[in-house]
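The structure appears below as structure tokens.
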Amino acid sequence: MSITGLEVEVERDDGFETEEMTLNMGPQHPSTHGVLRFVIKADGEVMRKATPDVGYLHRSIEKIAEKVGYASFMPYTDRVDYVAAMPCNQGWAMVTERLAGIEVPRRGEFCRVIATELNRIASHLLAVGSMAMDIGAYTPFTHALRERELINELLQELCGSRLTFNYMRIGGCAWDLPPRFGEKAIEYLDHLEPIIDEYNALISFNKIYVERLASVAVISREEAIDYNLVGPNLRGSGVKYDVRRDEPYSVYPEIDFDIPVGTGEAGIVGDSYDRYMVRIREMKECCKIIRQCLSKMEPGPVIAKVPRNLKPKPGEAYVRVESARGDMGWYCVSDGSTAPYRLKIRTGSFAAMSAIEHVSRGLMIADLVALIASLDIVAPEVDR
Amino acid sequence: MTPGAYFNNIREAVTTVFEGMSVTFSHLVRKPYTVQYPDRMPIRVQDTLPVRYRGRLHVDIEICTGCLACQRACPIECIAIDAAKDPKTKGITVTRYDIDLAKCMYCGLCSEPCPTGAIHHTSEFEGACYAIEGLIAHFVKEPFTAYKRKKEGETDPGIKELLDRGLRYIGEFAKPAAPEAKGPSERAGETE
Amino acid sequence: MQEFVDGLIASGALPAGMPTWLLYAAAMLVFGSLVIFVFALLVAGVTSWIERRVWGRMQSRVGPNRVGPQGALQWLADGIKNLLKEDIIPTAADSKLFRLAPYVVVAGFAASFVVVPFASKWIIADLNIGILYLTAVTALVVIGILMAGWASNNKWSLLGGIRSAAQIVSYEIPAGLSLFPAVLLAGTLSMQGIIREQGWAPWDWYAFHNPFAFVAFVIFFVSALAEGNRTPFDLPEAETELVAGFMTEYSGMRSLMFFLAEWGNLYVIGAVVTTLYLGGWQIPHVTDSVILTQVLQLGVFFLKAYFWVFVAMWVRATLPRVRVDQLMVVCWKYLVPIAFINLAGTAVTMVVLHEVPVLALPLRLGITAVALAIVVAFFRRVRYQLRRARPELYLSPVI
């Protein structure tokens, strides 16, 4: 059968002549996380090659930075990764502060960390929820989103918005914690931890789920490092690298937390199940971090004095922050004016997209969906 | 596959399915989290939102000082103000203050530098219109002289009410500690 | 139903001179259409509403509750909406096959209602090969799905159709093998016959007759889920992979036909499980009135069958989907060998119990007790989940 006439004859070992199908997992698809496109060459269910096609969500955010200037660029950084917007805010604030030599007050750093970790929990909840939905279980998705709603409400009280926060400013944070925020946050964390256990009982340890993900799309340690994977993807392959621990910034050196690493508990180290469980465990670590921050905070200002039209000295700076999707790099070149000369954002999802073509050889189409979900690729980060 | 692994698979399948089904069954007796907006709400959602919520922008034009700080701060240039210094009265005459709400990205950068809190976010989030021209909000009905803060305090009760509310709004924003302050004098941050 | 028509001929309501086979055929058509239009379509529609409400509560949300009281007319609104939609047929699609496919699927589903019993006297045709006919007719659905997948001229639909064909054909084997223990125990293939051999008490049901029949009952339910394209075996319509699988190109009423067949099929699965293993419409003798007994039997049968519909919905809410090769592994490596062992085991048990009849009742009571223990353990686990999560409770189904 040749539907389009473009099929290629496939050589098989058993002498059975078949044709290779070219499928288009188009920009509109229920399970690619955002507008991503894959051109899949498949021999029946088994894929030969899945070529990603990116750019459907490109919004020239890096170019916009050159126009609007340092202080006004903060809302745009929310849109770089709208699922986990706080680390993006922090990255931009940090790179500008490094260029301009501004120091953030201590309480400002604590507020930043609390907001970032809350957002990390929210992002991981969305990631594990949509992964469960892609594998076919519809209930865990709604449960994860229900918990994420509660974080959205907390962050709404903190900064007024549920998704694009614009919470941080150059030199600190825009608002201090509202009254009773600490109590509400701890109440939420007490509520969340048993719910994560319940979530695990519902889906993470389910035999069908484990069978779908164990030993599927294995990315070995060397491959993960070669392909530049970061964050939970890298930790799922067994590499214990976390920017918060290895190149610490802000107040992370004072906080005690573990880095969960994939151990091949259901199959081979570096399979999709490892990456999934790393995210589940990281949520619990975030709870620890938030509790410690809330107990260590002291009263004080949250923002430093910053000139109205900030003009950093000419130079360049590169800053790494640990976003929910891994090490996010912000490279900024300043030429002494109120807007950067060049801004480059390096995101974990882009590297993960480039790894898909190699890893997807020999996988089935159903596994491709599991792979994309386990790499936690979000389209805005890929295309910026 | 060894017989041990075979029976282990069956056992694990049965136990984990049992566990998962008990979780979903337990959800049948829980309260759903759905909020049945807008008709089955005890109070309007707009009244439950926190003070800092960034909804639609509103300008109390009576206390606008014509400083154009909001127009400069907006990252997307959706605020258009025509203000000129009036040589006769030594004040600023504001003839136009338009906000294109279709472009506004609800970031809050305009309300931060406002000296009186004239431009502020309300808790209104329902902003749909039938035509996009309806989304341009015109705040100036006729040209007027911009407000000037009086050193001895505001006496007009109408204006005072707006001014107090505006100052409370911008008081929510964090302010950097003044270099000479040692105690908690100029901190706007809430203590934990 | 045959007796009913005989009664009508004898009382002179129908002309006596006509050939009886013609009268029987006409009566079957009339009753068949009555059952399909009044019962089957209604049940399929209401099942869609109940599924959405049950799903909603299991997912911490509400489900449709606006159209009609508590949303009870939602299915009617969906049906009317689909009738009014534009009928899109892709230009490159094979339009004859494309149009025919939903009707083949619905024909396969509707034809199975001929042997579904409702009460001891209410069944359209008590064929003496009842259960075999059912297995044969549900295989018509495969042809319809393959036609839909191929005729859509869409590679994703084709994948869905092929997956479905492989799945349904493979799972016919454990389903067929697992209904044989009930047939062996009853000695007849006729649906009413199998029910008559059971009793009204749980320990008289075939599910609890011997451990092999219990396992066969579980395997039959799982295979029937796979035949009905329900999660965890819903690859053909895997929404997140193939958009809607073989149904992708269908719009309006044609797609609703597929869904109708799926939901109605749930009831048929429940009915068959109840017939074979759970005592069907058997009730203890409570009244002498014939009509009242029939009505009570209908109620009991319907409740038992619908409970399995609820379990199918519950399973769909809980479990993820298996992959195609894992589907085949589960079928051929796990379900088929165990089904064979059940068949052999049931036969051996029958011989043993024939020799030592005193063992029969203790065995049945023992297995009923085991089943009851499983149910009690389940509710204790539910209570543990509620204690751990400490949620706000809301017990009423009315929201």
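We just call them A, B and C in the order they show up, numbering each chain from 1.
Note that in this section contacts are C-beta pairs under 8 Å (C-beta built on N, C-alpha and C of every residue); 3 or more make two chains touch, one makes a residue touch a chain.
All of these numbers come straight from a predicted model, not from anything done at the bench.
With every chain reduced to the mean of its CA atoms, the largest distance from subunit C is reached by B. Looking at which of A-B and B-C shares more C-beta pairs in contact, the answer is the pair A-B.
Between subunit A and subunit C, the centres computed from C-alpha atoms are 43 Å apart. We define each chain's centre as the mean of its Cα atoms; on that basis subunit A and subunit B are separated by 26 Å. Averaged Cα coordinates give subunit B a centre that lies 54 Å from the centre of subunit C.
Residue positions of subunit A touching 2 or more other chains, listed in rising order: 139, 146, 198, 201-203, 206, 208.
In subunit B, the residues touching two or more other chains are 9, 17, 19-20, 23-24, 27, 33. The set of subunit C residues that touch two or more partner chains comprises 58-61, 317-319, 385, 389. Within the complex, the subunit C residues that touch subunit A are 55, 58-61, 153, 155-156, 159, 163, 231-232, 234-235, 238-241, 243, 316-326, 385, 388-390.
Per the touch definition, subunit A reaches subunit C in the complex via residues 3, 21, 23, 29-31, 45, 132-139, 142-143, 146, 191, 194-195, 197-198, 201-203, 206, 208-209, 211-212, 364-367, 369. Note for the complex: subunit B touches subunit A at residues 9, 12-13, 16-17, 19-20, 23-24, 27, 33, 49-54, 73-75, 105-109, 112, 121, 172-177, 179, 184, 187-192. The touching residues of subunit C, when paired with subunit B in their complex, are 54, 56-62, 314-315, 317-319, 333-334, 378, 381-382, 384-386, 389, 391-395, 399. Taken together, the subunit B residues at the contact with subunit C in this complex read 1, 9-10, 17-34, 36.
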